[in-house]
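Next up: some structures, all given as structure tokens.
You will see chain A twice below: alongside chain B first, and alongside chain C after that.
On to the complex of A and B.
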């Protein structure tokens, strides 16, 4: 391969990443089905929580829909990590290292599959929500903002997966870390707003947990409208996670390529 | 010692040794109940203020029973993973060749699941008590709750063993987990059955896990309900899935 502009290099790898991601039903289907399944179960089981004094939404579905985007993004972490780890284990990354391809192209191209999947996921979650009666208070522009934030979160989580894959080089290690990521989801404001969490230590943990603000960013577009503070925190944290994780992954990639 | 007992003992010893000396096996099965207990009992305690919620032992105890039974079910499922791993590594095939009574293999794996779950349940119980859980049931009722957990644990193990022995690969993991996960979460997890409405109420009303869960909550609160039905479901599950696991063993034997 000749050294082309960065965009051409990214496009080549992106196409491979998208095709590979979408051709693996065992990876793709759960990322669509599980978040919706959990949404159905939680909404069914916690419908009565919407009757609590101070609950911020008319229905629990409106409140809970945001969580599906974060859970979907969590799948991005494992998908991106596992795919990249497979490239390391099969020697594909080493062969790429012999080409003039730039490391930034390699990383962005690898994450293209995650971005494509995240966009499909977010569209499906939103479509299911709309079909079930959710009407985002932020209107049509808000729908676009929800999709954008959902994809940005998935990009950040996917970059974390890529970083871990580059550090460990093992798909099994990525899979084993999945439960740890779940901790961040569980210890957040996913099920109740923070002001309604009764247990002090749990409320404190949910308040310092960045995942709470990612959920609340999307949630605000659905149940509140255009809440500047929630959106600034949601978009700000999502962008920060994406930038930091991409930087860390690119350092890890340079280290791995130098060793290979 | 009979062939059956010696095979069961050998399989059990190996499995227990692996489970307690390998953190990558032990830690996830310990962490999952903690995550759920923390998230549900800690994060959702305000749900007990919902009009109509009248569980006498409080929300921590209400959620403890779910996590207790869930850890029993997933203790069995995690052991199914171990069986699949044994097939992938070739160990299970050598075991099938060497065992004088192959049904002892299933019994051995069931013993591993029981021991693992008892250890995990004890730790979860201590954590729940430290978190201030109220126990209103008497010792007999608590013993009955533990027995219910054991039945759930063995039923789940037999289900997972049947799947593992038919597919003989870890890729069948989702097939072991998902039906159990769905069965558990389509029961009244967050609020009592009376507070559910719509489709989930209809499903939960006929879900066997609902009877086991409600009986367990009744036993912990000292107000037993549906205990006979729950035990019938538990024993029925063990009998039914014993056939399933034995047929799986035959399938593995045929595959050679």
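On to the complex of A and C.
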């Protein structure tokens, strides 16, 4: 019996990942709704910030929309992680390990499901933004770039979720880490541009927090246009996170499978 | 599908973190086409052995060949030759039975047309055609086990590992599974390595039995040979009046050595075999002892376990209630 081509394996595992995700509406709906709810709350409460001298956008909505993509990606972390952890706990991973499945197919298949969901989320966030009056300065091509960067960030975060699942084998551990990740996101430039954060330690943390640059990459496409530095940092960091997390997850998967 | 090599293990051992030696140097051989029952209490090392033989867990020591391939150095060939239904049917509750088969056949590299034909055939064989498009979370325990078996068979393996396949099943589902396993061995020549903690299962299904306790094989042979090794039957007598218990014990001990039994009565292994039963009855009658219950027990595999380990298999939990989760070394 020969191993099926990698693409066939990836396609079937991706299909499974998407199907099982769509069959858990209680897991899917929050990833669509919560980022938009938080956006509405922030825009309602912080819209006056747009009047601050040096604020980079005409409206707070234009400024804040970028964060929904990051929050959506965070849900990708937990969904990918808990799904994989459940496969470990139920023994489904052992079942897969007994087939000629290639390790790469499992990760790629699982993450293809994350990408599909992230694309749907990003499209919704963008559609809601456009309907509310946001007009990206980078134009139509910029919209494509926003979707691409949003998906790349979700891929990286999803790979982190997969890595954590493979290391811990526990869905509960992934869920427990969710609030920690959330704090990490809040300690960034999500609510204010870094130069307008007055508290020194907060500004320092936001400056060294990679999440700030992921947000600023998307944000620049909305409020500035084609800002080479912001895009280089955003895309560069997102790609680095994705590559490092995928490599770590691959190593963890090899250890977890431990098959000879 | 017919196997020509069977399974051989020499000094196979597995130690987990903390120095727990779940499997402690077992030697075993399973002939091609044989149903081998691997019997032992929870925590005895059954599942760890299966994980090593199916390449899911590297041994700490020793070696094993499955279908003629080394489990450490020829893992891919071993996996291609075997099918496995491991403990607790490992299924995705959100997928349907048909979707499980589609995924499993695709991962085995089976072509699209053959994939469909094989899936339908297996669904029919395990009686799940009508339930094939229902999500697995709506299946009963028996249906899950049957799907699990079908998934283990998609690529036509020559050796089948079944890890406690009937645990938690009702008698009807259990009998159906036994029939299918027996059919696979007898008609298709599949070698079956079956772990169980049920004596009856090993007795009914297995051509040969290996009894494992604390990670070591304590007995191996056909069920009949193992029971014959124990030899003589035992008799249990429960007096009608508990005050007669010492008198009954004194009388019975003239016919053989005491063995564990009901606390309300006395059990002895009959030195004279079944033929001594009439003498036992006459002796008790002569002493004026009235009985509530008298029963002759033919040797069982539990007696074999008792003789080899000093404990009864029924209810024996080993040192560990559960074997440690196989984790990467």
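What we mean here is this: the second predicted complex is superposed on the first by the 256 of 260 C-alpha atoms of A that agree within 3 Å, B and C clash if a C-alpha of one lies under 4 Å from a C-alpha of the other, contacts with A are read in each partner's own complex, and residues count from 1 in each chain.
Criterion: a residue touches a chain if its C-beta (ideal position, glycine included) is under 8 Å from a C-beta of that chain, and two chains touch if they have at least 3 such contacts.
Here the structure is a predicted model, which is why all the values come from computation and not from measurement.
Chemist: In the superposed model built on chain A, check whether chain B and chain C fit or clash.
Modeler: Taken together on chain A, chain C would fit alongside chain B, as the superposition shows.
Chemist: Which partner does A:192 reach: the first (chain B), the second (chain C), both, or neither?
Modeler: The first partner, chain B, only.
Chemist: In the superposed arrangement, does A:115 touch chain B (first), chain C (second), both or neither?
Modeler: Touch partners of A:115: none, neither chain B nor chain C.
Chemist: Counting only touches as set out at the top, which of chain B and chain C does A:92 meet: first, second, both, neither?
Modeler: second
Chemist: Applying the document's definition of touch, where does A:101 land relative to chain B and chain C: first, second, both, or neither?
Modeler: Once the two structures are laid over each other on A, A:101 reaches chain C alone.
Chemist: For the overlaid structures, how many degrees, to the nearest 10, lie between chain B and chain C at the C-alpha centre of chain A?
Modeler: It works out to roughly 90 degrees.
Chemist: Considering only the touch criterion stated at the top, classify A:45 as touching first (chain B), second (chain C), both, or neither.
Modeler: A:45 contacts chain B only, not chain C.
Chemist: Output check: A:37 vs chain B and chain C. Expected answer is one of first, second, both, neither. What do you get?
Modeler: First partner only, chain B.
Chemist: Looking at A:20 after the superposition, I want to know if it touches chain B, chain C, both of them or none. Which is it: first, second, both, neither?
Modeler: After superposing on A, A:20 lies in contact with chain C but is clear of chain B.
Chemist: Give one of first, second, both or neither to describe whether A:12 is in contact with chain B, with chain C, with both, or with none.
Modeler: After superposition on chain A, A:12 lies in contact with chain C alone.
Chemist: How many Å separate the nearest C-alpha atoms of chain B and chain C in the overlaid structures?
Modeler: In the combined three-chain model, chain B comes within 17 Å of chain C at the C-alpha level.
Chemist: Following superposition on chain A, which residues of chain A contact chain B and also contact chain C?
Modeler: Correct list for chain A: none, the interfaces share no residue.
Chemist: If you look only at chain A, which of its residues touch chain B in the complex?
Modeler: 26, 30, 37-38, 40-42, 44-49, 51-52, 176, 179, 182-183, 186-187, 190-192, 196-199, 201-202, 206
Chemist: Please give the residue numbers of chain C that touch chain A in the complex, ascending.
Modeler: Interface residues on chain C, with respect to chain A: 54-58, 71-73, 75-76, 78-80, 82-84, 86-88, 90-92, 94-95, 99, 102-104, 106-110, 135, 151, 155, 326-329.
Chemist: Going by the contact rule at the top, pick out the chain A residues touching chain C in the complex.
Modeler: 1-5, 8-9, 12-13, 16, 19-20, 23-24, 87, 90-92, 94-101, 105, 255-256, 258-260
Chemist: Where on chain B is chain A touching in the complex?
Modeler: Chain B residues touching chain A: 24, 28, 31-32, 35-36, 38-39, 42-47, 49-53, 171, 174, 182, 185-186, 188-191, 195-201.
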